[in-house]
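Just so it is clear, A, B, C and D label the chains in written order, and each chain counts residues from 1 on its own.
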Amino acid sequence: MPGYSLSKDEYTSRLRRIEGQVRGLQRLIDEDTYCIDVLTQISSVTKALQSVGMGLLDEHIRHCVQEAAAESEEAGNAKIDEATAAIARLLRS
Amino acid sequence: MPGYSLSKDEYTSRLRRIEGQVRGLQRLIDEDTYCIDVLTQISSVTKALQSVGMGLLDEHIRHCVQEAAAESEEAGNAKIDEATAAIARLLRS
Amino acid sequence: MPGYSLSKDEYTSRLRRIEGQVRGLQRLIDEDTYCIDVLTQISSVTKALQSVGMGLLDEHIRHCVQEAAAESEEAGNAKIDEATAAIARLLRS
Amino acid sequence: MPGYSLSKDEYTSRLRRIEGQVRGLQRLIDEDTYCIDVLTQISSVTKALQSVGMGLLDEHIRHCVQEAAAESEEAGNAKIDEATAAIARLLRS
């Protein structure tokens, strides 16, 4: 399959890995790890989360928008409004 | 205390909350929640993580850089190089 | 019209304003303005540019993707691949 | 010189190049260039601006913060507060 879309199992396993990384961050703080090393790990967790977000966004455009657009232009436009608002939120986060 | 610096307990409790949010994301995926709602939640987790990162960065500049600079200019500059590299990584993540 | 789409004239006038802001940045540097004030201005120019980018992205999804999807699923998917790659680039910039 | 710090001339020449890129964006819009190609160019201008911002931030930490810290802890902390606020603005832009 092209693009970013993932299966439900892939989302779950990625999020489970991210959960483990966040638990790892707590351990790093607990062990007084050097702050720059914790920061590097935070950047990596953020990237992993954004990548899950990109997958969901791709899915939204590929499926929700297209299905709604096949129904009516108005329905399609409503889904596109949601997509651009979500992209703007991702850009600001 | 001014700025973003947090106590060890505050970092731990924030990260524990983020861990819970990531578990919540898995539940959202599992229950086939509408992708835009999952995305909104991902933006919020990303923001929470970045805020922890900002706290660590502030701490690094406030303590590590200043202590190293009190030792020698060379040591201070080395810590500043690490700080700017970490900021650049945060900006790209 | 809902969303971020702008007319050609609006894009041009926004970009002309951004060009003026970048010239203003050169003046700030030339006059040895305090670096934090220059940085605040850079954040504002970056936001203005990202907002133009969001407009174009909205346009791409609203027009190019929908037109291509009306032609064939393959054509629509190709345009969506381009959109998600562009979003990923915006997120990393 | 280590890190991201640039000379005044380098800032000026980088900003002049960015100004030219923004004028180029106006031409792309004027010639109805394909929106994805305009977006790619916007990502590249944004990156160039952020890189100028990183230079200024590095300079602020390397010079303003250190000089102020040599004066008094209070003065140093005030400059660090400004730095972390500026980083937070860059992250949100």
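One rule holds for everything that comes next: a contact is a pair of C-beta atoms (placed from the backbone, for glycine too) under 8 Å apart; a residue touches a chain by one contact, two chains touch by 3 or more.
What you see is a predicted model, and the numbers here were worked out from it, not measured in a lab.
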item	value
Set of chains adjacent to chain B and to chain C	A, D
Chain pair repeating A-B, as identified from A-C, B-D or C-D when over half of the contact pairs by residue number coincide	C-D
Inter-centroid spacing, chain D versus chain C (mean Cα positions, whole Å)	17
Inter-centroid spacing, chain C versus chain A (mean Cα positions, whole Å)	21
Numbers and ranges of chain A residues touching at least 2 other chains	50, 57, 83, 90, 92
Chain B residues touching chain A - in the complex, by the definition given at the top	8, 11-12, 15-16, 18-19, 22-23, 25-26, 29-30, 32, 35-36, 38-40, 42-47, 49-50, 52-53, 56-57, 59-60, 64, 82-83, 86, 89-90, 92-93
Residues of chain B defined as touching chain D within the complex	2-4, 50, 54, 57-58, 61-62, 65-66, 69, 76-77, 80-81, 83-84, 87-88, 90-91
